[in-house]
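A, B, C and D are the chain letters, set down in written order, and residue numbers restart from 1 in every chain.
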Amino acid sequence: AAPLKVAGIHASPVENAWNSCLHAALQAAAKDGVIEYVFSEGVSGTDYPRAMREYAEQGNKLIIGEAYAVEKEARLVAADYPDTAFVLGSSGNEEGSNFGVFGTWNHDGAYLAGMLAGKMTKSNIVGSVGAIPIPEVNMLINAFAAGVKAVNPDAKHLVAFIGTFFDPPKAREAGLAQIDSGADILFGERIGTADAAKERGIKAVGSLIDYSPRYPETVFANALWGFRPILNAAIADVAAGKPVGKNYTAFGLMKEGGSDIVYVKGAASSEAEAAMEKVRADIKSGAFEVPKTMDEPK
Amino acid sequence: MRFERREQRSLLLLVGAPFAAIVVALALSGILIAIAGAPVLEAYRRILIGAFGSRLSATETLTRATPLMLTGLAAAVAFRARLWNIGAEGQFYLGALAVAAFGSQLLAGLPGPILIPVLLVIGALAGMVLILIPLWLRLRFSVDEVVTSLLMNFIAVLIVSMLVDGILKDPLAFGWPQSQSVADHAMLPKLVSRSRLHIGLAIAVVLAFIIAFVQSRTVFGLQSRAAGLNPQGAVFAGVPLSRTLFKVACLSGGLAGLAGAIEVMGVRGYVTTDLSPGFGYSGIVVAMLANLNPVGVIFAALFTAIMFVGADGMSRSLGIPTYIADVTVALSLLTMVVALFFTQYRVRR
Amino acid sequence: MTAPVLEIDGISKRFGDNLANDGISMALAKGEVVALLGENGAGKTTLMNILFGHYVPDAGSIRIDGVELPTGTPRAAIRAGVGMVHQHFSLAANLTVLENIMTGTEKLWRLRSGTTGARRKLLAISERFGLKVDADARLGDLSVGEQQRVEILKALYNDARILILDEPTAVLTNIEAERLFTTLRDMARQGLSLIFISHKLDEVMAAADRIVVLRGGRMVAERKAADTSKAELAELMIGRRVTRPVREPSAPGAVVLEARNVGVRIGGVERLQNVGFSLHAGEVLGIVGVSGNGQAPLARLLSGTLARTSGDLLLYGQPVGNLSVADVVDAGIGRIPEDRNGEGAIGEMAIWENAVLERLPAYASAGLVDRKAAMAFAGAIIEQFDVRGGNPASRTRLLSGGNMQKLILGRNLSQRPRILIAAQPARGLDEGAVVAVHARILEARKAGTAVLLISEDLDEVISLADRIQAIVGGRLSPPVVAEQADARQLGLMMAGDWDNGSEVAHAV
Amino acid sequence: MSTLIDILASAGLWAAILRIATPLIFGTLGALLSERAGVLNLGIEGVMTFGAMIGWLAVYNGVDLWTGILVAACAGALFGALHALLTVTLGLSQHVCGLGVTLFASSFSYYVFRLAVPVAGTPPTIIPFQPLEIPVLSSLPFLGQAVFTQTAPTYLAIAIALVMAYVLFRTPVGLAVRMAGENPHAAEAQGVNPMKVRYGAVIVGSALMAVGGAFLTLSAFNSFFPTMVQGRGWICIALVVFSSWRPGRALFGALLFAFFDAFQLRLQTVVEGVPYQIFLMTPYILSIAALAIMARRARVPQALMQPYRRGER
């Protein structure tokens, strides 16, 4: 079949880790010849609906992006273009037959990384730097904290939010502030956090993508998230003429192969690694489910 | 080399200069487009298509022009009285915030035909409140308002940021820092269905004509110009300086606040800290392009919107970086102010 | 005569369609004082600005000590020994006197300003020429006279051998002016060459060795001071014979404006104290005084732009509260402000707009301006008061000082005001314009208008006023009748030396 | 309460203050210099962005860090020349041109960046400036960690502030700059060409602004990404006013602002309830208050924002 015409609309520059997950998956799919991919980046809230409409009018069949800042308008656009499928990152629910949503649930990996961190901390203080306390971010940080507490109930967990989704230097400052408060392992929900850890010679955990090559001595574990399974599911639905008005989040779960942990062997003790690997297997088999706590972490 | 003021301006110059500016701006962005490896002539064609090649692009251009007209008017009326209101961005946000606050809960019970005008007035009032601080500082302490009104923008955005993350936060927005939505019946009627174009455009155009009339025909218009050109002379002639500047400030801040209100009620429905992609600052650009003429503001806003929406669409269809749209608008502004200069001055040895 | 230090040769300069200088040639010898005379707009300032390098001439050349001076750079002129005191001071209020003077005098990239040496040099110059100033005072804190001194010191500090003074006395009082000219003559004796511009023929006759007259951008005459007269100079300047109008005796009418113990305090300083006067219909009451003694607050008080802090004001016999501009205009008071560019008109607005701005209610209904009527009014002023150089729709800035003054007079006098407050009405105007303004004021007096004339020009006051009061330190002297006053007595009064209450009663 | 003291007593806070302040010091000094000469340069936000981008790009392409700083300075100077061409030669409205320059410089930065570094997964990085080990000083207790752990550009910024204070108030060229900002006509009448002085001040000032931006990518962080300047330029404009146009006070103002920022981040980790926006607002409010107090004393450069056209009156 001819490749499906797919458009990506990124509110942030595609360097932003989350967008880069989408972008990489879309590029890979294009390379595989499954789709034809066009995209816009750095699209502000004001321009976002226009970009959606333009891509729809240009004959793209599937539009991938993020509705977070434009939840209401995005659904209005979808209603105006019933023949185009929209699958957008969203905190809300699907709507109609052509507006699907997905969340970013890589909390399983975060929990596992927390298990390693909990055993590794010497100061017994770990920290997390997040963007804005929205449910997904909260869930992720809570999962990390839960992982830490699961193996080290006495550990203290610090949380800071930088108030924006993409400001690495600010995330770095927030990370430094936490190190000053005693943290010796940082969970960087946001890029920039690991820079603080690196500067002070402590360890860090990355999120969404694999940061270990970028910070070799610093980042020992990453809660990966892959967009490809979600994308594949959406493409399949569109190709089959099925409505996309559903929630694709589950395709991103570890159980479904959407997310995972990668870690540097030997950073934590082998017992810690073994304990973690056991839980990892349990998650994959469905025997264990990481708690989903969406409240703002304290 | 020196410049000499022209007392007479030929029609050719008045029409030709802005035209030349557009040509130069397009040529310069053409270079950048070529560097990106895209066909330049095709890019120009796509800009036109992107700006009004379809119903969608035409309505989008007009939608984008609407807030620009209002913030452009805000700058034009203030600048004409030499009140350097650089704070339209902040006034825009406060207008939007006020509408979101009153339109979502407090007054949402009112029926639409009453609610909409009431909210528009509230938005304008909120904009006025913000500009009165720099004005007061100027009248009371003779503090130049360029810097104070600029600084107020950041305070205003921080206030918005605080409130949409605080008491105005929409509990249904999944933790996102955004205000509650205004009631559905508070949204402005659409001008074209299946588009974003709303009657705010008509409001802006009508206001431009009203302001043009006020400035050229009324006592207030004459007095505000006198106050701007020579405050001391105006006082001597009995122009109530503070009162005149107060009125000008209210008009300017009100228009900027109205722009924010209309953007919320016409397009977005709620407030976030990224509601405005710099509409307040672009308003200054628009006002300058229009040479501070209110009717000219309509066209300058259209021009700015065409450049932006057109270049944005072009970048999408040719796959070159989207930032080219902002570059093109900025180049148009810079070449246009230079062109306007040469309609007023001639070069002499 | 020795070789000239300065030769100006065939200088021409065009502004737009306006030929401001047309082939002017003149020379200046060492130690010589030359006065440059001419109507407003004759091109005097332009010529001097070309000499000093502010403007580039379209044609012609300048030689100093026989060496050609590059045009268009003040720096070269300063190096060649030219110093200029500008018509409008060019000083920075926020910097100190020393900083103002030192600017540009050192190599730009020196690692440290030689402040100590500069202070010493300044002190030496100021002693040599008798121009005392405080080197570390902030310039904005100085009086106008002191600022004038700084301007001159600035030029001398640069070792000027040729000093240009553009209307140096326009803002000085007669006494200050006399003192200045004594100093200047002294300087000339020490070898300095001077060119000064003035509209005051007395000054010119007294101070200059030689007089050059410009008209319409062309040099029309050159005279030795000894070989000419004021009347001849006036005629040369204007191209026809002009004589100042004389005041005819008249019988003053009822008191229309009276001040009793009026005081004004601004920023904690008493600017006016116990001011008292009574102004009769059909008379001119002159207020003389050295600049800075309260003339400006007095004029502003009566113009409605300043409120009094104590005392009573009676208008047509009725006590009045604080007057706004609108009240003043409604009461039939016409006003001629001291600063015609700053206050009297808004240069960027059209002539018609300036004509009606202060009485907009009369030219508007329901908030809308009646442009037709306003244009007609402006046209009538232009016609009746012989305002040249513009039509009702042209920009007011294009008018020369004299014509702008006629416009201001016109918008007041064509309304037949009962009272006219005229502050420095002829300042900076050329002889022709002075005559026109004086004639209008006397005409109004004849028609019954009560005129309060505030002026620093003794000759003007003596020739126009029926009675004269002096203002000193915010206080008014008792009035003297003009016929009985001579320059010496007025001089004493202006120094604050008046006899409280003795021979005044009968003078009213 | 004790946590507050803990925060204040931590060397990390003070080190962070210096680090956060550095780009602000550069930017503020640049804006200050050009305002002293009478030109308001609202192009600062864009110039900082471009400096951040081009400095980084140069280093990414293989030049050393100091050359990167130099490249940024030269690029800043070019934008300064553009602003000067518009506002000094043509005498156009300074705030409008400044906004135009910001709009152009920032969007142009993003455009160039995107062309030069086609989309990558994570921002590509360079090896930034490392903290300078100063013998003895860096090993002092507390002070060593609080003050002497900065990278070289931070010390450079402080040095430039001191040099600028000296130059402005103690040298002929400084006097010429101040005169051009107080009364260009007077400067001209003294043989100092105010146009040239203004050009010089705007160009040097913009170069400093660009270096401030480059600090963000070459020291504070190791990669460039759009919008990373995040309004720091506007803060500099406020700080100039707050400093009443004095380099020493500008240094203090930048440190004060950085204090609020660093303190706010650290406070978040221990207390709750005070919205961080309040802290971020403080410097703006202080600047406005400072203006209200100072304007009375009229120490604002008198010719600020007034175009000077030769031979016009």
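Following the convention adopted for this analysis, a contact is a pair of C-beta atoms (placed from the backbone, for glycine too) under 8 Å apart; a residue touches a chain by one contact, two chains touch by 3 or more.
Treat the numbers as computed from the prediction; the structure is a model and nothing was measured.
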{"item": "Chain D and chain B - chains in contact with each", "value": "A, C"}
{"item": "Farthest-lying chain, centroid of Cα atoms versus that of chain C", "value": "A"}
{"item": "Pair of chains with maximal C-beta contact number", "value": "B-D"}
{"item": "Distance from the mean Cα position of chain D to that of chain C, given in whole angstrom", "value": "46"}
{"item": "Approximate Å spacing (C-alpha centroids) for the pair chain A, chain C", "value": "77"}
{"item": "Geometric centre distance via CA averages, chain D-chain A, whole Å", "value": "35"}
{"item": "Chain A, residues touching no fewer than two other chains", "value": "41-42, 163"}
{"item": "Chain B, residues touching no fewer than two other chains", "value": "2, 161, 323"}
{"item": "Junction residues of chain C - those touching two or more other chains", "value": "56"}
{"item": "Chains that touch, pairwise", "value": "A-B, A-D, B-C, B-D, C-D"}
{"item": "Chain B-touching residues of chain C, taken from the complex the two chains share", "value": "15-16, 56, 303-305, 324-326, 329, 335, 337, 339, 342-349, 353, 357-358, 360-361, 364, 367-369, 371, 395, 398"}
{"item": "In the complex with chain C, residue positions of chain D that touch it", "value": "170-176, 178-179, 182-183, 185-193, 298-299, 301-302, 310-311"}
{"item": "Footprint of chain A on chain B - complex, ascending", "value": "50, 54, 56-57, 60, 64, 161, 173-178, 181, 194, 196, 267-270, 272, 274-277, 309, 312-313, 315-317, 319, 322-323"}
{"item": "Footprint of chain D on chain A - complex, ascending", "value": "13-17, 20, 23-24, 41-42, 127, 158-161, 163, 166-170, 172-174, 176-181, 191-192, 195, 209, 211, 214"}
{"item": "Touching residues (chain side chain B, partner chain D) in the complex", "value": "2-3, 5, 32, 35-36, 84, 86, 133, 137, 140-144, 146-148, 150-155, 158-159, 161-162, 165-166, 278, 281, 284-285, 288, 321, 323-327, 329-331, 333-334, 337-338, 341"}
